[in-house]
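One chain, chain A, links the two complexes that follow: it is found with chain B in the first and with chain C in the second.
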Partner chain A sequence: MSNGYHIVVCGSLVPDPLQTLEPVMAPDGPGLKNEAMLPSVLDPWAAHALYEAAHLAKRVPDSKVWLASLGPKPKLQQLMMAVAQKAPFEFVAIDGSASGFADSFETAQALAKAIQSIPGLDRDRMLLFGGCSSASRDAGTTLSMVGALLGVEDQFLAVDEIEPDADGGFRVKERVEGAQYLVSRCAGAPAVLAWATGNLPEPPNNPQIGMANMRGILPALAKAPSVGALRGGLRFESVETPSQRRETRVVKDAGVEEIARELAEWIRG
Partner chain B sequence: MAKTLILIPLEADGTVGKAARDLLASALAADPGADVGVFGKGAKQAADVVPASASRVLVAGGDGLASPTAANDARACEALVRASGSQLVLAPQHSRTARCLPLVAVRTGGRIDTRVAGISLGAETKVRRWYYRQRMQAAFTREERPWFLLLESGALPAAEASAGFSGAVEEVSWEPCSRTQALGTEAAIAGEQTIRPDADLLLVAGAGWTKKQSDGQTHVPEAEELIRAFLRATGASLGSSKSLVDQKGEGAVISFLTHMNQVGQTGSSPRHPKGLATCCHGEEPHVVGWRFIGERRAINLDPNCGWAQGKADVLYVADAFAVLRRLNELLG
Partner chain C sequence: MTDPNSGATKPTLKTLPGDDVRQILWRYADRYDLQMVQQAARSVARGIVARLVADGARHTHEWTPEKQKLLEAMDEAGLTAVAIDPEHGGYIPGPKNLALALVAFELSWVDAGAATATLAGNLALAPIHERGTPEQVARYMGGAVPAGPGEDRRTLRGAFALTEPIPFVGVDTNTMAGRVRVAEWKDGEEPMLHVDKRGRFITNAAFANFACAAVASDDARIKGSCMVILEDTDEGVWDPGSPTLKLVHQLSATNDPIYSLKVPASRIIGGYTIQDGVIVPNYSHSEVIEAVFRRTRVTVGLMTAAKLLSAVEPIIRYHRQRFRGGQPQPGSSRYELGIQQREDALHRLIDVWATGEAAASLGFYTARLFDEFDPLEREKDRLLQERGIKGARAQMKAFAAVKDAALEFIRLEHLPEQKRDSARYEELKADSLVQFAVKDALSQVFCPATKLWNTGVGANTMREAVSLMGGYGITEDCPGFLGQKWMDAQLEATYEGPEAVQRRQLTVTMVNELFLAQFRHWIRQMRQIASRKPGTGACTLATAMELWLWTIEFLQSAQDAHGETLYHGQRQGVAFPMADALSWLLASRQQILDVLELEDKGGHNPLLADGLEGTVAFLTDLCHVMAARASGEVGRITAELVYGYQRHPSWDGDCDSCFKASELEAVASLVPGFDSSPLEVIQDDGGHADKAGPCVRFPGMERFRALRLKLDGCLTGCRLAKDRAAEALTQVMIPEALDYPR
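So, the complex of A and B:
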């Protein structure tokens, strides 16, 4: 019997963090100005999860990685041009809203349904990976709810490390309060690991991996089920960008002594 | 008002943390009829921190809750929620509640919203929270119940309450399972603890500390010493830009920084009354982590860096090495 991991990474797109975002209120709830036109990236913490998944799959023989993404189909296609070169995976696409204002439970339900229908996925060997929080909703709940819907109750949040052991189990380090790690041992899959930054750098682009991934990506997009806006029972009243802008005093020609004294006074004050 | 349960996690040492105690006081002031639920090993003994004014206290304890695991915490909390029968569950934003309550929300057919920045309780409960990593804030309500809300400190108006609940404590039973065993905690950063959430001041170090300076050389050992001396003199907490913690390799890294220090989009959003950025450019993905910093000052050689664009109150265009050297003398 084989005992490699079947790692399903849930990760979607978010606006490039270098963009300035402006909210707009529509009849069905808030969104972003020019949302469809904004350049996007793979959600950063989910990206770390993907790199960690690829790394783990390399270390544990007979493992396999899937990437399940829920987002507007054309944007997913664009995103994959960049992401496909990073790590080998089989793509699972779901066509729907990736808005931060979508409901995390609705999103979780759509993902759980898609994961249930992945052919060849052995859910007893499944590790469900993703980011500990998205750069859009920043709730940190979606992955946990996908796990709950799939009946997986061993869950880890804000993970920086997984270390498989010889008995099929693994040790996990989760970030907790006070710059501490909570260290746990889990008897093995199935489990949910919601990643923080982990320990791996972003892998360089690998065109060969990209080509291999692309063969599965277009068919996956073609058969992506449509799930819509995913608002659930949320009723938004308002959305606003409180002004962060300050009147910056730029001190240009002051000497070191003067600056140091001013800062010392400010720090003590 | 919907029936409310205030759900309190215990720390690993069996105590109730400050944020949880504050929430107990403020939530009971806002809704005096709310139930209180406490979970963790020794919950029954810990229940005396519950304000004397509480009307009903439920606890879930036992060895299975000695250390947090999602499975056991979720089972215990589910039992508390069902026993209380509440439609609204308020809990502090804490690693323990964040890990287990999404599971409980699913199992009880409810929904959960986290990192709640403000809440008004009443005929219709409304909450405010940030989206897109502190870039915008929305106010909303929702139809589904039970509704689980993880509250940041300050989400409710502060209130005082004297502890000492002396009524009957209801023990709620639950079924532990043991696929995951917590082995303990360890410091995420070797050596000196540089992350101090309660400090008045945040010092942010940016990648400039490791770059070539006007003499064409890098001065990393000196940078380390200046930063250390500043932390010793001020008791400040140390934050970093991503570029600085991502650096790997010989000589060019500040040895005591890790990803845990990173502030910003993929780092933390700490809360300190003051922040001083040094050798950090002040790009948007970094500055989103400064949302909850009160007064902001920066030292940078570049008068056009991000901080000059309305992101800091004061930008000193100067060499951070020289300024910190003198500043440390003045503070030392």
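So, the complex of A and C:
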């Protein structure tokens, strides 16, 4: 029996962070000004996960990578023109909103459902990769919920490194407070690894890889199920760009609780 | 934006046109391979290339290890292999002109020197690709594909060595010093040749391991001239020479190499035959370079187009942020708009932008034209060979016979479907020689027009872009590297044949009947477009096209005041400005056609739904601005040429329309009011109005005068379009920062 990994990377698009991102309230809910027209990139944390997945698949024989993306279909297609060049993968597309205002639980449900129906995926060998957070919603909740919905209990939520052992297990380095790492050993798949930045540089584009991936990407887009706006039970009263404020006070030996109370008061205003 | 007539708000440009818009405008929305190549080129350009420029890699003429990394990055990103056919290890099937154009465009968006490094590699392969023997093609095209992991071979990198030290090859490629003679020729064996070539300004020579050199025979046993492939491992001298002390394109390597090498005769590009003991190359050096430059010049034109379009975003950002010091509050127009409060700055940026759009439209059209033309040319070669037609003269004869059919095809093509003889049309459409003749006539005009207009007008317009950045524009840390781009544009106007070479080619090709027949139809096409889309400026352009057509026909039959023929190859003062005028027209027309395509197809892309109407409205206004500008150029040039070679009438005798004052009085007594009509009057003492002579009235030029007058009127509304476009500049959303370093 083969013991390579089946790595499913969850990652979708976010508006290019260099763009002017101005939240606006539209009749059908909040969004960003001119959102549909802004160029998108693969969510940076998810992108690290993809590069790490490709790297791991190269090191561990008989491994395979899928990229599961939930986003507006035409935008996903445009995104793939760049992302498909980075690494070999099979594409799983779900047509729906990738907005930062979508509900992360519904997003997780849609992803879990799509992953369950990937043909040939061996869930006992599955490593569920993705970003520890996203550049749009930044809630850091999606991946652990996808894992939970798929019954994967071993979850690592700010990963920078994975080092496979000879016996099918692996060591994981996770970011914790104060530039420290938490090192864990996991007996093996299945597991959730939500990536921080990882250690790998962005691979160069390679159109030859891209064109090979495209053979699967176009059919995947064509049959992508549609899940809509994913607003869930969320309701937004108003949206605005946070204004920058900074007030510094130097105090010696204040207790944690005292600091927390003061911060809470300050936020309440 | 509020319409002054209705008060209604009209949609306008919301964001800078992105890839979805460009893919439709330049017609590669359904070509995923090209979209990927473009993204790959972009990542190299805005990554390593931009960092090299920002880190000062342009400060040295030497080929440094940092610059060498650029080649490796391009290999890794698949850019080196774009030009190569899949059977030799490339990955894009079919013609690759549009693919290469996109690569050059993306790289030049940041730095055209990087684009030149790839271009020169392709330029070196092009003689082999176009004219090489199957063995040469297999060896050099295959060898140029970067070696994969585990492959034990060096990647072949080439240089194209045509230009020689002064006083030899430059614009004139026939005064050649490069020589080839027989070194050894043993009975029954392949002859060995000795090649001496000194090059000047040869790109890639610093690191190339092969070169295609143009040489002339110095030996009675070799006929004429040819191009020969030289390798650095050949016996003799391979000296890359010293670097050119150039001020531009420093991310490419330019040297003056010296080659003195012994090579087998099988290196003659395209092979040879032996006739009566003489080696006869199958292609002369000019036949090879003609086939090569036809295509590669288009890519150069797109380099300058990319520069112009790349200037828009940094200029808008600079203008908006210019007055944020001091007291202005966010929300005040001084704070938000800065220099954009000033109309001139907006109008000039609109000129830069419109020129960039037109240049890109022209260049990408020409690249696509060559993608259509390439297979036709190969089929033509095959057919002629099958029919035993060899040599330039025999080919010309064969094509003279095809001309009438080609003209018939052009006529049928422009008839509405229900009105044309469809059987005959299909028959002509399936005739490869007819199709070749029709497309050849276009490519022979569009290639030099792209190179000439995009780089020449582009370089001048880059100066305007630099001006809009003030002092920053001429510093090295100007965002978008605009100062460097301005200077670089001048090289694009020079290498691969300076403007004079392009004008010289146009002198011949723009009066080809097969081209003019198509041009005539385009005038009608522009009028039809205008009736559907009045805001495009298509009507103005149609009138300017009529004026150009009238003038070119007039000039070909007219004589100057000395009785000399006006239009001929040596009379560059007449023909060259007409070439310029035509190029303006072609650029403007192509820009209009592209915007119509966007309007037509954009609706199918759901991503564009939101902003399509506004984007189309803005780009339409740019078309109008450009059509007015092009028409102005055409009016100015044609008027100078039509009148300028005639002698001005003088007061002393050669005036047909003058009256003596006493005659006038006599006539006026019979015809009351006659003396108040605008007549030229000479007093009885010889006195006359203070001017150079009686005003000009040339018989036979009524049509020209009428067209000139009409053209002036056709400019109606063009400034309103400019005002609208300028206002859009103040509202368009731009990114927070440039996506490459400085």
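Miscellaneous remarks
Note that the second predicted complex is superposed on the first by the 239 of 269 C-alpha atoms of A that agree within 3 Å, B and C clash if a C-alpha of one lies under 4 Å from a C-alpha of the other, contacts with A are read in each partner's own complex, and residues count from 1 in each chain.
By definition in this document, a residue touches a chain if its C-beta (ideal position, glycine included) is under 8 Å from a C-beta of that chain, and two chains touch if they have at least 3 such contacts.
In this text the structure is predicted, and so the values were computed from the model without any measurement.
Touch criterion met: A:18 reaches chain B and chain C at once.
When the two complexes are overlaid on their common chain A, residue A:122 makes contact with neither chain B nor chain C. Within the superposed three-chain model, A:260 lies in touch with chain B and out of touch with chain C [touch as defined at top]. Contacts of A:37 after superposition on the shared chain: chain C is touched, whereas chain B is not. With both structures placed on the common chain, the touch criterion links A:85 to chain C but leaves chain B unconnected. Contact with chain C, but none with chain B, is seen for A:74 once the two complexes are overlaid on the shared chain.
Of the two partner chains placed by superposition, only chain C is touched by A:211; chain B is not. Touched residues of chain A, counted separately for chain B and chain C, are more numerous for B.
In the superposition on chain A, A:161 contacts neither chain B nor chain C. In the three-chain superposition model, chain A touches both chain B and chain C at residues 18, 20. Those residues of chain A whose C-beta lies close enough to touch chain C in the complex are 16, 18-20, 33-34, 36-39, 72, 74-75, 78, 81-82, 84-85, 204-208, 210-211, 214, 218.
If you check the complex, the residues on chain B that touch chain A are 17, 67-71, 74, 94-95, 98-100, 102-103, 105-107, 111-115, 126, 130-133, 135-144, 177, 179-189, 193-195, 197, 201, 234, 246, 248, 259-260, 262, 265-266, 274, 276, 283-285, 287-288, 291, 295-297, 299, 303, 307-319, 322-323, 326-327, 329-331. By the touch rule above, chain C contacts chain A in their complex via residues 14-15, 18-20, 32-33, 35-40, 43-44, 73, 76-78, 81, 91, 605-611, 733-739. Those residues of chain A lying in contact with chain B across their complex are 14-15, 17-18, 20-21, 23, 30, 32, 44-45, 100-101, 103-105, 108, 135-141, 144-145, 147-149, 153-158, 160, 171, 173-188, 191-192, 196-197, 201, 232-242, 244-252, 254, 256-257, 259-261, 263-264, 266-268.
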